[in-house]
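Have a look at the structure below before the remarks.
Going in written order, the chains are labelled A, B, C, D and E, and every chain counts its residues from 1.
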Amino acid sequence: MRPKACSQACANASQVLPDTMDFVVTTLLNALTLISILMLVGLGLAISFGLMNVTNLAHGEFVTVGAFAVYFVQSVGGSFWLGLAAAPIAGAVVGCILEFAIIRHLYSRPVSTVLATWGVSLILQQGLELTFGLGAKPVTPPIEGTFDLFFTVYPAYRLILIAIAMLTLLGVVLLISRTSFGLDIRTVIQNREMAEGVGINTRRTYAIAFTFGAAIAGLAGGLVAPLAIVLPQMGVNYLANAFFVVIVGGVGSIGGLVAGSVFVGGLTSVLNYQISPSLAQAIVLLAAIVAVRLRPNGLFNGASR
Amino acid sequence: MSDVLLQAENVGIRFGGLQALEGLNLTVRDRELCCIIGPNGAGKSTFLNLLTGTLRPTSGSVRFLGHDIAGLPLHRIARLGIARKFQIPSVFPSLSVEDNLKVARWGTSSPVRPVGELLDLVALGSRAATLAGELAHGQKQWLEIGMALAIEPRLLLLDEPTAGMTPQETLATAQMLLRLKGEFSIVAVEHDIRFVRALNCETLVLHQGRRLRSGPFHDIEADEMVRDVYLGRR
Amino acid sequence: MLRTLAVSAGYGLLPVLNGIDLSVAPGEVVGLLGRNGAGKTTLLRVIAGGLKASGGAVVLGDQDLTDAAAFRRARAGIAHVPQGRGIFNQLTVRQNLEVGTRAAMDRGDGGIPDDIFGYFPILREREAQIAGTLSGGQQQMLAIGRALCGLPSVLLLDEPSEGIQPNIVQSIAELVPRIARERGIAIVLVEQNLDLVLKAADRCLVMEKGRIVHEGTPEAFADESLLKDLLAL
Amino acid sequence: MIARDRNWLLIFAVCAALAVVYPFIADGYQLTVIRDALIFGLFAASLDFFWGRTGILCFGHAAFFGIGGYIMALVTLNDAIPLGSLLGILGAIAGAAFVAAIIGYFLFFGGIRGSYFTIVTLAMGVICQQAAVSWSSVTGGDSGLIGIPPIAFDLGEIHVDLSQDLPSYIFVASIVAVVVLVLWSLSRGRWGAVLTAIQDNEVRAAALGHNAPLRLLVTFVLSAAIAGLAGALYVCMAGLVAPDLSGLLLSTEVIVWVAVGGRGTLLGPVLGAIAIQRAQQTISSFNPSLWPLLLGCVFVVIVFVLPDGILSIYARLKSLFKGRRQAQ
Amino acid sequence: MISRRTILKSGGAAAAFAMVGAPSILRAADTVKVGLSIPITGLQAILGETLLNCYKLAAAELNAANGIGGRQVELFIEDNQTTTKGSIDKARKLINEDKVDVVMGTIISPERSATLSVTSKAKKLFFYPTNFEGGECNRYFVATGPIPMQQVDPMMPWVAENLGKTIYVMASDYAWPQKMTEAITAAYEKAGGKIIGADYYPFGTTDFGPAFQKIKSLKPDVVWSMVVGNDAVTQLKQYRSFDIKQPLIAPLDEVFNKDALPPGVAAGTYAPQPYWMALDNPVNKKFIASFREKFGQEKMVNGIGEAGYNGLHLYALAAEKAGSLRDDDVLKALPTIEFDAPQGKIRVDASNNHTLCHSYVGKAAADGISYEIAKDFGAITPVTPYCKV
């Protein structure tokens, strides 16, 4: 008997279970967890890739650096929350150095940016490995156990993750739309030379925006650290999906980012339950390609323009 | 009526809630020259996009040699015989002038004019080996007209062909077009009144998406209403 | 007010400016004429900082700005309205003006000066509209208005008439000298449209191959033969 | 332009001469090393034909290499199929081309260009590797398919048997030489000029009657087909095919080879592939953990110091020399 | 570089001459060259390090005891980068350039297949230490690790009796777990159990939430995880956070638990292995002691490393008995000898070149690192209907 055949039959059998609410709520929360992570990683990319048109293949390493920050703080005796506070700072520091040393010299050379940032990603991975040694790093979650949600029990830490992700998103939306720095960013993105001409220090604005994106990715890394593996090579697991989120959702808008995250994350979670997870992943990526063909400007085009 | 090349009948287009163009008619006969003028935002470029099939009208119809060309891919439209010169000069900067013209000729199945003749027509004979990106602004515009000629068009659409040109370049361009007038039809959208005056052709004046006046240019120039909304008084 | 001393510049190895000496006083409008490729736009870019000078100096009052970044020059009081206007299409009219005040952050109160709407009442009307949907003429007014929000002492206008319908060109021709006088701004006006220049400028310069070859009052330029000679009309 | 052509042909001739002389000075093992490096050189040239001519970076090119390899393996491992090696090669080329045509259709006609294309192809590579691992009934799963025989077939009078080192080296070297020459003549002629035009301004090219998406698609398909050929050759020489031959790592490596060798030169990537692989194996024997670090630095250094690749050193030296002579 | 190669070449020529002249092992001037293809970088680097150390230990032990037939053992260590291409290149280099007498090492299947494709063509002996799914069969291929039937067949009745009658399988999506699941299903059904679900996750999965949701709704008695490598870390962390009570069987070992897992997450899990550090016999005690003395007191060792260590010793014994390093001679002698390994006495089966391995179920202690032996099934003969060498 092929084990896969069983997997199908069992999946079907499980769908007729009576506690539908449990199923729906858990699926929803699973999807939300994934969406939250994708959204946070994608948020930084939406800024660098979507707005500044910088294809940064070292973006995954910001996630890694954030996760390592949590590991490091814990390993010297600090609490998880201290580590989580250090994560975006670590991401920001690395992002700032990367922007200063490499990216800013390559704004007009997109293909070179791809090469250089991939190189940086290799250097960072190997550097982390040389510094912290081989293998996965242990990170302990701040709270163990589950939380009772009437219909189901769900890991408490995942609920915290979702909440922090939503708050961060809200913060970014407010920052971009309500503050004068947000206005500067939007100005620089639209017409760099003219922004410089009205007295905005565009280099600084770009550097800050890029650093900010790296900080959010670092935060994402800190948040996933207790949940997933912490390893110098972990970043690549998030990179491709995050790019997809940005492309599918439509470049240049927060709404698009949310739409993209819901599309990729939601579809992955739901399909994962229905079919073989490998197939599910392939289908999600193929669906994303088709979505991009049908809506080249993104699922959410027009909203920001 | 068999010599009608392009016919726009009662054309209108609406973007979202905005009626951008309404009730426009234009008939271009074979080897005819005509101009479209009007204030900014009058819808000239939109109208040109409708004529080239880039946009599909929400009402009325545009037919080229009897075909509906709306929504066809650009290269198909080019192969039907519609050449277009863009507002911003768009040549291929990393190819030489000669290669620019060659690439243009290769776009059609049966190019007629040899490259040498094209070079002479647009007065770039001495710069054949220069990279197009290094040409002066006006020369780029001319090269682009040369590229449009290379595909042996039935109809040449020019979007502000003299934008950024000095007065003397503008006049030279007008003379170039007058020389070509007998070979195919030309529709030019233009701001520069001197240029339109030099062409002195049938002219359509747009205003707020509608036809304001049409007729020979000297009639238009004298028209009170056109002077009011567009030309201004001295 | 604004002086350039033997400024030269170029793109790559191609020299465009060869030792330009230019001086503009507060309240004065200087028209810059010349053929395409003479270097007019390049000169404005060098003054505004979009392009580095390869030699010479750019001085504003007693500040040497030759090596300053473009945004520093803007903050020092040089406002540039480039060809094509450079409006932030996706921002509202008001946001465009607000961004314009960035240049004045060290000098002004950060607010949009009221008299901007006096010059351009249409901007108040359209305050909440997305700038990209304005007509060309309105965008030109917004560009000038935005430049004024930075409380500049020097205003560089590059082809304000380009792509603008004739009747709006006329009103710009009237506004430019008025702005210069009322606000004491030195204005450099680059134009192809001879009528506009002759109407608005106090003094006219003719450039050719990167040099200033002729200087005179607009009245002197009214002489047709001189114009033909200089501009090859 | 003509001087550049002469330079290229000169370098090509030198390389060809070296390739002819090499079997006389090398032993069998060294021949196989260079032979395999040449196959990856062919792979690099295939990527360069697309990337160098269109300016669009494909980050999943190993997918086509892997598809070619798997098809070759499946055909030659199936005893029922006659003319196994020959059909395998043809099938590998056709299979890679077919997949490229499908993906390319969606992307090019969907208006996907630039970084978007890069990212989507990156994901394509990930899917391909995952499919090769999961679909184990056909692909042999993560351990791949082993026992692929060396290329051997009879075609009329011609008898081809590449089980020995020297014949296989000659076969591979000739294929690489021919393909590189053909791609080069394609890319400098009409085809190349139109592609350059599309790269410069696609809308303009379309308005002149060029079917830009189709041109890009055909170029992409051709490039993928050659990658498939390279994959087919490699698995026969190696005797097996495995999922990571279509994976992200190989996709990355081939980009480095092209970038180091010189994008758009076709010959440079072949040399880059050989040089880097030799360096990699040597350094790895000496200190394993140094290589990834060094690879990363190579990426960064290339971008800043040698953006046109090693082949440009020759042209640079020449112009430097000329400049000096003029200065004197 | 050139001089070194020349020396190697002349050395090779001398060896060839010596072989023709005197077909014996007794030429103490030469060394026995053992080529190691190890994943030192790449995905399997943690396990690679332990494996390499075990080879070094075995070589040091042999050399301290007069080598192999009086000849010192020389290790040629190459990093195969955990890739197919790297494994092929390095195997070729070891055989053709370094002219090694035997190739050993590799961990995951692609490394093994790639190395095997080179060694089998060159008719060179290749010793593979890792637990594998079986299926590959070659005269010159010697497996010193267990195949699924050795681990699973004796264990399933015990699982059915002690842990429960239904199992849910979650695994990485590749050949070993798929073959394992087939073996588990067959043996478990014979023992009266039932596999009620199996899901295979692609490598690099960051969220296993849907699997835990299934576990909650399917309510199996036992969860059997074959999520491996880095993903195992993610999977275990999340498994704990969902607060699932069922016993978990997971293919972990002391090295992985210590170097890769957060403290305690593996506590209480079961694992079938041919070797555990907790084995109470003098050979194992000595093995662990000398391992720790050489590489550090806190170091752990696992079944893969032990199988590598065994492989080199088995080779040495066989070569000594054959009095020759020729591959065919060593192969002939190999099934006739026995080695007193840390896991117990082992020998290579003549019919398939697989090794008779012991089978134990270990249960992880509260620290999540070390194991206690939950059940000893004794030594199991490898039975491979598909393979006859």
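Keep this in mind: a contact is a pair of C-beta atoms (placed from the backbone, for glycine too) under 8 Å apart; a residue touches a chain by one contact, two chains touch by 3 or more.
Keep in mind it's a predicted model, so treat the numbers as computed, not measured.
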item	value
Chains touching both subunit C and subunit E	A
Lowest number of touching-chain links that must be crossed from subunit A to subunit D	1
Top chain pair, ranked by how many C-beta pairs fall in contact	A-E
Chain located farthest away, centre of subunit A as origin (C-alpha)	B
Whole-Å gap between the CA centroids of subunit B and subunit C	31
Subunit A and subunit C: spacing of chain centres that average the CA atoms, whole Å	45
Between subunit D and subunit C, distance of the C-alpha-averaged centres to the nearest whole Å	53
Centre-of-Cα separation between subunit B and subunit A, whole angstrom	48
Junction residues of subunit A, two or more chains touched	236, 276, 278, 281
Junction residues of subunit C, two or more chains touched	none
Shared-contact residues (touching 2 or more other chains) in subunit D	130, 133-134, 289, 292
Which chain pairs touch, all of them	A-C, A-D, A-E, B-C, B-D, D-E
Subunit A-touching residues of subunit D, taken from the complex the two chains share	55, 57, 59, 103, 106-107, 109-112, 114-116, 118-120, 122-124, 126-127, 130-131, 133-134, 248, 252, 255-256, 259, 289, 292-293, 295-300, 302-304, 307
Partner subunit D, residues of subunit A touching it in the complex	49, 53, 55, 102, 105-106, 109-112, 114-116, 118-123, 125-127, 129-130, 236, 240, 243-244, 247, 276, 278-279, 281-282, 285-286, 288-290, 292-294, 296
Residue numbers on subunit E that touch subunit D, as the complex places them	40-41, 78-79, 81, 83-86, 88-90, 92-93, 96-97, 108-110, 112-114, 116-118, 121, 133, 135-136, 173-176, 178, 200, 202-203
Footprint of subunit B on subunit D - complex, ascending	1, 190, 193-194, 196-197, 199-201, 203-212
For the subunit E and subunit A complex, residues of the former touching the latter	43, 45-46, 49, 169, 173, 178, 181-182, 185, 195-202, 204-207, 209-210, 213-214, 216-218, 230-231, 233-234, 237-238, 240-243, 259-263
